[in-house]
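So, here come the structures, one by one.
Presented sequentially are two complexes of chain A, the first with chain B as partner and the second with chain C.
On to the complex of A and B.
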């Protein structure tokens, strides 16, 4: 009996487990030379985008740990961040103090939204993902109600550069010019023509350390237990509902911070659309890095951001060069983002089913063995 | 004496039970629509015009909502993958025009051409959904998204030449909106229309929907249809009774996809334009919320749900802009629509009823 799988089998299973990243490496390898971008331009762009996006993507890790799947509800955190930034820019507080204040203001909003989201997800166990996806749409409606109608008459907004000419509601874009790159430029160093936003990366590093540390705490262990099996966790005396709510609240608060970092890099807020796509792109990037619905690591985040954004930068121009139509590349990258999420979800579900049927067979075999033993005992 | 004190209590209880079974959000939405209808004449909106608008929009959308029914019956959940069927319909419509059909014939041919696409795509989609039982809704959503964005490339690349459809200067690549004038614009609506003053009823479209709805109702009462419902309510039992679960689910997905294809063609003939590229992207959500508003749940739906739901949903969509605008001079209709429709989906998803699905 040889229990060790053969080399070929192991290679195949490695391929199967890492199908998505490998596909992406191939796409990037084909597109980079075709696009004709210089290496320094590409590296510069990727480093910028890493600083912009990684914090946001890291906030997805905690709900995955507690078995709640990909948190499409991170959009709620992004909304909290945006509301905070709108308020802070109306108060005319700029630069790093403005960013810090925005983060502080976003916390209570994110806590509230995260709590609602967690409550709703507890009511829909087993279909958290589709529910959190619809939650993001639903709260988008509430967000519009708040920003478009209540900001002005109910929540005082002073400056006409932010307010719509009609007297209430927020303009389509809110300029963050005085806040633009304030985190990125502080302590930035340039290495070989590539600007590295050190402070942003320090923040990201801190969040990574926090995530690693958090996994080892009592609460982190509880979350993993809940993620493994809710019933077992409940029997072990863990308050499952509360743990799940905490995990979503943490994710939402972190997403709020992440959105503020993202927007200070962008330099303006598209009031009604900045947050709408953010969940989709973050989730796609995480999945590209080889994460799945129930397992994700910090390594997946970094790899995912690099691969996904490389594709994002090169696809339009590569598409234009290959087909002669610039729109093809644009559509191609959108298609790839969605296709990646689809493939990852399908792979996760088929794996789950396989595990389940294997477990079923195992149980059956155990039962048969037990019965046989019982019979033997009775006869003896 | 005792009876007297008990009587109102039991009535109150019955009322509460009635509300519970009807669903509070549904009640709120129905009451809101009623309020809009009452308020309409006071703010100067013509009542009959409003009714015609609602009925017209009902006739455009009803079949897309009907497409939800088979998959809910077979336990595949809400069909968030509706855009896949819509794409089949779009292919049918554009190819029919490309082949040079005009007038009513172009509509017939569009349905005929869309059918094989819907069957093939629906079969593939159904096969996929059979592999991932339990996670249908999320994956359906993304199947829809991927197929729409894939077709965005195809609309540019496929060899369409008809001058009414392609970009004028490039001579290739389909336009984002294609006018249906001279093709199947209002072909169904203009069949026996009723026009009395401000009231206009698209009898043909309503009849077409009625025929399909009746066919669906009849199908659900055939042996196959009953088997499909059995699969949805209790797959283990259905399997024990000798029903091929996977085959039933596949059939329901194909049916749903085909209905979506026909639904979008009917929508287009009412609307007067074909919308391509990103237009089908979020088309599943209004249909999903419409059937839920009509009283369906994640695993139970009837034709009545379709009719009530489409009427309520389209009623709110059409009435809110006119009434709200003239009442408070604020266009809050979009926000109200988003909150009401997404809230309804959310309500349905957070119900505990899972049926026999485990």
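On to the complex of A and C.
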């Protein structure tokens, strides 16, 4: 008997598994020629955005591995990175040393925030995504309290370019002019008119290697076991709660680093809004790359960033050319970002239910077969 | 056995924290940024006037940073505690330019902006005369800034 599925079924299953990236490839294929951008401009923009965003998105892989889904709580790491950058800007540490120092300063803040987030997520097992989403709002309030009222009177801030004129609190925008592109420009090379930020890509490469290596370590294996089945992992002697906390802490610390890399590329901090949407966009980009709530790879990150940002770049211009109004393109890309997350979540739930019902049917069939065999044995 | 492993773990953590602290300390020193202002301005000291030069060309890292006439100021941003520059000085109109290469200045850590007066420096005056802290002159009270803590507009993404 041949159990191999037919070509049609395989094609359908491939389509089902890769629906989101395929949709994006089609959108990009339509929008790129309409937008009228040259190939070199597009590649330049995409390479810049890859350097800016990939590190941030890679931090989402570890919680997915440990079965905690898409970590909307990465915003906490982003806040840690911003606080560190504000302090480092006030201390007037510039260039690459400023970035390194900001990363070091962000570590204890991210550790603390990640630990709290992990503890809270352990109390809401099975509802990690919505909990982490709400936690990010909760911590945003604390962040505002810190930045708006405690920076100045409690945490010393010296420079008037950073501090609000009233004497406490941080301005809406903090300039990172003396840090801007310091990583991107170091060791940068230009190939065919495209600037490649080599040092940023080296950092991304190192994180990719770390992720691959980490999966093979004892802790990485424990995380995978926890992600597959918490009860089985617990029975196997794994400290499930601790493993989950470690995965969130690692993700938060890496998100802090990612935010610093992101902001050094942008050249300024929008103090009260830089972090607020970052989780949403990183998750959208990862899902566009074909990842799901329970499965993501480094390949998904790269493909996602390329497709999502190609859409980001070309949509306003294509929208303007098609409808005569550039805002249509803007609405379109916002709509697509949120729609992608919704589709991915719905598809994940549907698949989970299908799998459950399939397993139920299988179990029923097995039981019926067993009963039939038992009856036949009794009659014999 | 377990005790040995846990004490090794603590040692490892302490070593990691120490290493990070050392790196942070090094970054504090090598990454301190200063804005250096180079003045070609006349200066009075002990009742004597040291006149500005006709022309001063300032080079930093091999590139010309400023071409200063009398009473002019150039600006350079510098990372680290040491500032190096090369200057070409034409003392009076029609004189030949003399080049002073690799002049090195130790910058005070606590000063963000530092003013170096070239005529005072070349006249061998004391350091507190030719190197002073830059203090921005503000004549108007700073305008209040409204803080916007709202989330981004739902229909705009900004740049990402």
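Heads up, the rule we're going with is that the second predicted complex is superposed on the first by the 367 of 380 C-alpha atoms of A that agree within 3 Å, B and C clash if a C-alpha of one lies under 4 Å from a C-alpha of the other, contacts with A are read in each partner's own complex, and residues count from 1 in each chain.
The definition used in the following text is that contacts are C-beta pairs under 8 Å (C-beta built on N, C-alpha and C of every residue); 3 or more make two chains touch, one makes a residue touch a chain.
Computed from a predicted model, the values in this text were never measured in an experiment.
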item	value
A:135 touches, of chain B and chain C: first, second, both or neither?	first
Partner chain(s) touched by A:331 [first = chain B, second = chain C, both, neither]	both
Which of chain B and chain C A:160 touches, first, second, both or neither	second
Touching partner for A:246 - first (chain B), second (chain C), both, neither	neither
Chain B versus chain C as contact partner of A:127, first or second or both or neither	first
Contacts of A:144 with chain B and chain C, given as first, second, both or neither	both
Partner chain(s) touched by A:104 [first = chain B, second = chain C, both, neither]	second
Which superposed partner A:303 touches (first chain B, second chain C, both, neither)	neither
Chain A residues contacted in one complex by chain B, in the other by chain C	144, 148, 331, 334
Chain A-facing residues of chain C, complex	20, 23-24, 26-28, 30-34, 77, 79, 112, 141-145, 147-152, 154-160
Complex interface listing, chain B residues touching chain A	80, 128, 131-135, 137-139, 141-143, 145-146, 149-150, 152-153, 156-157, 173, 285, 330, 332, 334-335, 338-339, 342-343, 345-346, 349-350, 352, 354
Chain B contact footprint on chain A (complex, rising order)	120, 123-124, 126-127, 129-131, 133-135, 137-138, 140-142, 144-145, 148-149, 323, 325, 327-328, 331-332, 334-335, 338-339, 341-342, 345-346, 348-350, 352-353
Touching residues (chain side chain A, partner chain C) in the complex	49, 53, 91-98, 100-101, 104-105, 107, 144, 148, 159-160, 164-166, 169, 171-172, 178, 266, 270, 272-273, 276-278, 281, 309, 312, 330-331, 333-334, 337
